[in-house]
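Below: a set of structures, written as C-alpha cells.
Shared between the two complexes below is subunit A, which pairs with subunit B and subunit C, respectively.
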Partner chain A sequence: MAYELQYYPGATSVAENRRKHMSGKVEKLREISDDDLTLVLGHRAPGSDYPSTHPPLAEMGEPECSIREIVEPTPGAKAGDRVRYVQFVDSMYNAPATPYFRSYAAAINFRGVDPGTLSGRQVVEARERDMEELAKFQIETEMTCPALAGLRGATVHGHSLRLPEDGVMFDMLDRVRKEGDVIVMHKDQVGRPIDKKVNLGKPMSEAEAAKRTTIYRVDNVAFRDDAEVIEWVHRVFDKRTIYGFKPEN
Partner chain B sequence: MANDRKKMFAKHMEIKFTQEHGTNKMVGGEITDKTVTYHRLGVDQNPRKLEMKKAGVELAAKRGLVGYNPMMHCGGIPLGQRALTPSFLSGTDDMVEIDDLHYVNNAAMQQMWDDIRRTVIVGMDMAHETLEKRLGIEVTPETINHYLETLNHALPGGAVVQEHMVETHPALVDDCYCKMFTGDDELADEIDKQFLIDINKEFPAEQAEQLKAAIGKTSWQAAHIPTIVSRVTDGAQTSRWMAMQVGMSFISAYSMCAGEAAVADLSYAAKHAGVISMGEMLPARRARGPNEPGGISFGHFADIVQTSRKTPENPANVALEVVGAGCMLYDQIWLGSYMSGGVGFTQYATAAYCNNILDDNLYYNVDYINDKYDGAATTGTGNKVKATLEVVKDIATESTIYGIENYEKYPTTLEDHFGGSQRATSLSAAAGSAVAIATGNGNAGLSGWYLSMYLHKEALGRLGFFGYDLQDQCGATNVLSYQSDEGLALELRGPNYPNYAMNVGHQGGYAAITSAAHAGRGDAFAANPLIKVCFADSLLPFDFTKPRKEFARGALREFEPAGERSLIIPAK
Partner chain C sequence: MSEAFSDANTVQLEIFPSRLLKPETAQSLLNEIAEIEGIIRLFIHGPRLPQTVPYGPATGVPVQHPGNKVIEVAGQAIELAVYVGGIRMEVLDADVKEQVRDACDRVLPVSFEFREGNFIPRMQTVSDYAKRGPDADPIMIGMTDPKGKLSKHPICILKPEQDE
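Moving on to the complex of A and B:
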C-alpha cells in the first residue's frame, strides 16, 4: 500500500485547512500578472532582466560532485539569480494563513526556499525567480486574503491589532487600501510608492475567512475543541521530555 | 472553573483603550471590540513624545548637530499611526508612559541593577579564626562592632591607617555601607543595631527559623560599595573594592601590623575564600567578571527579590514581582544592552509586568489548582501535588488555553501584547509558575513553560520571533535530561545556561518559576539563604520587596537614585 502523507492531525475545519496548506492543494481564487507581482515585490523594474550574482551554472564548469549530480538546480539557481525575499503578514482575525503554515507550505512544496517564521510575519528567501513562483502561488490562492494579509518587507506591525472599519489590516505605512470592492496596493513591500496601483482582488467576507482560516479562535473554531490536536501536542511534549531523560526509550 | 471571572486587566484596558491619553482620541468603545479607528496622529498625540521632540530640537540648536527627530522614522511617517497608549505597572494603579520603562529613562531600574552589582557578601568567620588562632587576638561582639564602625568609614573611601591620603567625598558615596548578619541569636543580640540585619525582625517567624538553621552560627558582612564606583568600573570590582577596605579596617580595628602575613590571609578570605558574589564569572566568550547580570543564577535572583518575606501567603504575587524584576534585568539590561544593543528589548520585558495580563492568567491558575488539587496552590509543603507529566500537562494546558482565549475575547489585550514573543512570555510564565506553585518543583514548572510554548504555537500557528522560539521548540528535552549540564535544577541555571544565552523574554520567567516553586512551599529562600538575608535591608535605595512599584516610581520620576554627581558639577 502506497504511503499517504498525513500532514496534520485534527477533526476541525482549521485542521483541515492546515492540511490543505501543507499539501499545496489549495484553491486558486485570483490572478496577479507577472508585472504586477514584480511591482509589489519591489526588487526590480517590471520587464527587466533578473540581476544575477554568478553566470549560469551551465557556463561555470562546476566541480565534480555527486550531490550536484543528484540534485537538479532550481531555475533561479541554474540562471544565477540573486537571493531575494517575499514577506507576508497575516492578521490574527482569521487571515487564511499563519506564519508556520506559510513556512510549512513553502518548505514542503517548493525547492530552494529558506522560510523564516516569526509571530507577525513570515519571510521566504530564495533565488529571485524561484521566490516569485512561490509568491505568486501564495498570493493567488486561498492562502491569502488581500485585506487580512499583506506583503511587507519592513514595518510589519499589525497582525494582532484590531481591524479598522473597512476590514483591511492596520499597516503603519498604508501600503494597501480598499477601493470600491477590491484591495489595491500602491506601495511596494518596503513602502516605496509604485508607478501604478495593483489590484489584489476582492477581500474575503468574514464568513469566508472564518471558513478558510488556519488559526484557531474561540469565536470561530476554538483550540480547546480540537481534542486530537491537543492530544498530539501532548504526545510530542511527552516524547521530547522523556527522550532527554532516558534516550534509549 | 468558570473562566468568565472578573478580569484583572479589565480596568487597565479600559483606561488605555477607551479613554483619551494626551490627544490620542482613544475614546469610547469596549475592550472587547474587534474594530477601531486609526487616526494616524503621529507623535504629537503623546505628552512624552512631545517632550522628547522639543528636546531634540533644542539639542540640535545647542550643539549644531542634529539628533532625535521623530520624522526620521520610516522616511517621514512617525510613530503614532496607531494610538500611543500608556501602560500600568501590574499590581499597581500607576499609569506611566511606555518610554519611561526603558531603563535609560527610569532611575529605579538603573538603581535596581546598581544595588545588585555593587553588593557582595563576605564571611567574617575565617578572618576571626585568623585573628584568634594565629595572632591570639580576642574577637568579641565589642571588637566586631568597632570593626564595623571602622569599615563603614573605610568602605566608602575613608582612610584608616595611612597619612596624607586622598578620600572620597561622603556625600558622593552616601549609599555605601556594610551591615552584618548571623544565624546566632546570641551574637546578633550583642551587635549594634545599626550594623545588624535582624533576621528575626525582617522575616516571618517560620522563614526566620529556616534561615537561621541554614546560616547556623556563621556570621557574614553584607556590603554595598558606592553606586558611583560600580558605574565607573564593573561588577567584578565590587569584591575587590570591598576586600581592600576590609583589609584596611581589620588592620585598624585590631591594631595589626600593616605588612604582617596574616593580612594576606584576611585579604584572601575577603577576595576569594569567603566571598559570595551575586553572579558568577562568565566564560571568556561572554567576557564578563563576577557580579554581572549574565552570571546571576535564577536561584540567586529569586533570593535577591524580597517579596517572599512580605507576602508569604501569596506565592503568585512573589512570582509576579520576580518576573517583573527579572525581565527588567535579564531582558532590558543584560540581553538588551550588554548582549545585543539597541532599545527594542524593553517591549518584550514590559509585557510581563504591565497591565495585569500575566497576573490575571496566574491568579486564574491559582484558583484552578486550588479547586482541582485540593488547595495545592496555597503556601505549604503538605498540600503539594506530585510533580508528574500528567499534572504538568493538565495545569499548563488549562493555563495556556485560558490565556489565549483572553487574547481572543479581549482584542485590546492582544493589541497590548502586539508581538507573539510578548504573548509567549506571558502565557508560559503563567503556566510555568502555576505548575511550580502547585508542585513546589521548579523543573516541573519549567516543563509547564515548554508545554505552554508548544500549545501556543499550535493554537495560533505562530509563536515568537526567529531567535525567540527556537529554544522553546527543543526545551522540553533539557528539563529532565540525564546529562547534568542540560538537566540542571532550575535554581542553578542562569542566563548563560546552554540555549538560554540569547533567550530574550524567557529569563525573567525562569526566575519567576524558580521563586514560585519555593514560595509555593513557603521556603524562606530558593538557592542561597545569605543572599536572601543580605537584601532584607530597607536602607538599600531600591526596595526589593516591590520591584514593580519601584519601576512605576522611576517612570513617574519619583524615585530617588544614588550615585548622583550634582555635588561636583556646575549647578544648573
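Moving on to the complex of A and C:
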C-alpha cells in the first residue's frame, strides 16, 4: 500500500483545514487575471516582459554538476528572472490562513520559494514568475479571504486589531475597500495608487470564515477540543525536553 | 470644574466596541455623549491614520484614508487622527455613567464592553511636571497625544462656558 502523507493530526475542522493548506488540496473560490495580479503586486507594469538578472540558463552554459543534472530549474530560474516578493497578512479574526500555514503550503507545494514566517505576516521570495504562480494560487483559493487577509508589502499593521464595522481588516494605508458586496483593491501592495480597481471578489461570511479557518480560537474551535493535536504537541515537547538526556551515571 | 476633577469620587469609564467604529458612528456616539451633563474629559483611542505612507517604496504618497475625516461634535469640527477603537472618559458620578451606557446602547450598532477603572492619570507625574511646570491645569494631566503635535492640534474644549 502506498504511503499517504498525513501532514497534521486532529479531527476538528481546523485540523482538517490545516491538512488541506499543507497538502495544497484547497478549493478554488475566485479568479484573478494575470494583469490584475501584476498590478497589485506592483513589481512591473502589466503586460511587460519579466526583467531578468542573468541570461536564460540555456544560453549561459552551466558548469558540469551532477546536482544541476538531477534538479530541473524552475521556469523563473530558467529564464533568469529577478527575485521578487509577495507578502500576506492574515487577520486573527478567523482568517483562512495563518503565516505558518502559508509557509507550509509554499514550501511543500512549490519549488524555488523562500518563505519567511513572522507573527503577523508571511513573505515569500522567489523568481518573479514562480512567485506570481504562488501568489495567484494563494489568492484564488480558500487560503485567502479578501476581507480577512491582504496583500501588504509594507505597513502590515492590522492583523491583530479588531475588525472595522464593515468587516474588512484594518489597513492604515487603505489599500482595500468594500464596494457594494465585493472587495476592491485600489492600491498596490506597498500603497501606491494603481490605474484601475482590482476586484478581489466577495468576502467570506462570518460563518464561512469560521468554517474555513486554520486558527484555533476559544470562540470557534478551541485548541483544547482537539485531543489528538494535544497528544502530539505534548509528545513533541516531551521528546524535545528529554532529547539528548543520557542518565548513564 | 477643576475641584470636581480633583475629587477622587469622579468615575472613569472605557467604551470598548467589538469592532472599530466608522467616523459616522463615532460622530453620532460622541454627539450623544456631548449632550450628557457631567462629562469632565474624554479622549478617543485607536490605531493612528497616517497622512502619507510612512515607509516602504511608496514613502510620502498621500494615503487619504476614509477614516481620516472631519467630524462635527457639539458644533465643533474635529479632525480624526485615529480610527476610533475606544473612548475613555472621566465623569462626575455613577448617574452619568449610566447615561453614557444608555447612549452607547442607543447608538452603537455592535456589541461593546463598558467598564469602570483607571484610564486617565489623576495625579501629575514627573514628566508632566517637566512639561508643564507646577501650575499646570489639572484637567490636562494625561490628556497628551504621545505621537501628536499638541501645539498644532490643541485639546478641543467642547463647552467652554461650562468650565467657568
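Some observations on this one:
Going forward, the second predicted complex is superposed on the first by the 244 of 249 C-alpha atoms of A that agree within 3 Å, B and C clash if a C-alpha of one lies under 4 Å from a C-alpha of the other, contacts with A are read in each partner's own complex, and residues count from 1 in each chain.
The rule we apply is simple: a residue touches a chain if its C-beta (ideal position, glycine included) is under 8 Å from a C-beta of that chain, and two chains touch if they have at least 3 such contacts.
Note that the structure is predicted; figures quoted are calculated from it, not measured.
Placing subunit B and subunit C on a common subunit A by superposition gives a clash between them. Once the two complexes are overlaid on the shared chain, A:Leu37 sits clear of subunit B and of subunit C alike.
In the superposed model, A:Phe170 makes contact with both subunit B and subunit C.
Legend: residue contacts after superposition of the two complexes on their common chain; A:Val156 is shown touching neither subunit B nor subunit C. The larger set of touched subunit A residues comes from B, when the choice is between subunit B and subunit C. Look at A:Ile215: by the touch rule set out above, it reaches subunit B but stays clear of subunit C. In the superposition on chain A, A:Phe237 makes contact with subunit B only, not with subunit C. In the superposed model, A:Pro193 makes contact with subunit C only, not with subunit B.
By the touch criterion defined above, A:Ala105 reaches neither subunit B nor subunit C.
Subunit A uses residues 155, 157, 161-165, 170, 172-174, 191 to touch subunit B in one structure and subunit C in the other.
By the touch criterion given at the top, residues 33-38, 74-75, 77, 81-82, 389, 393, 397, 401, 404-405, 407-409, 411-412, 414-415, 417-421, 423-424, 447, 450-451, 454-455, 457-466, 474, 476-482, 486-487 of subunit B touch subunit A in their complex. Only residues 18, 92-93, 97-101, 116-120, 155, 157, 159-165, 170, 172-174, 191, 214-219, 222-224, 229-230, 233-234, 236-238, 240-241, 243-247 of subunit A touch subunit B when the two sit together in their complex. Those residues of subunit A that touch subunit C in the complex are listed here as 42, 153-155, 157-158, 161-167, 170, 172-174, 177, 190-193. By the touch rule above, subunit C contacts subunit A in their complex via residues 17-22, 25, 47-50, 53-58, 61, 63-67, 83, 85, 109-110.
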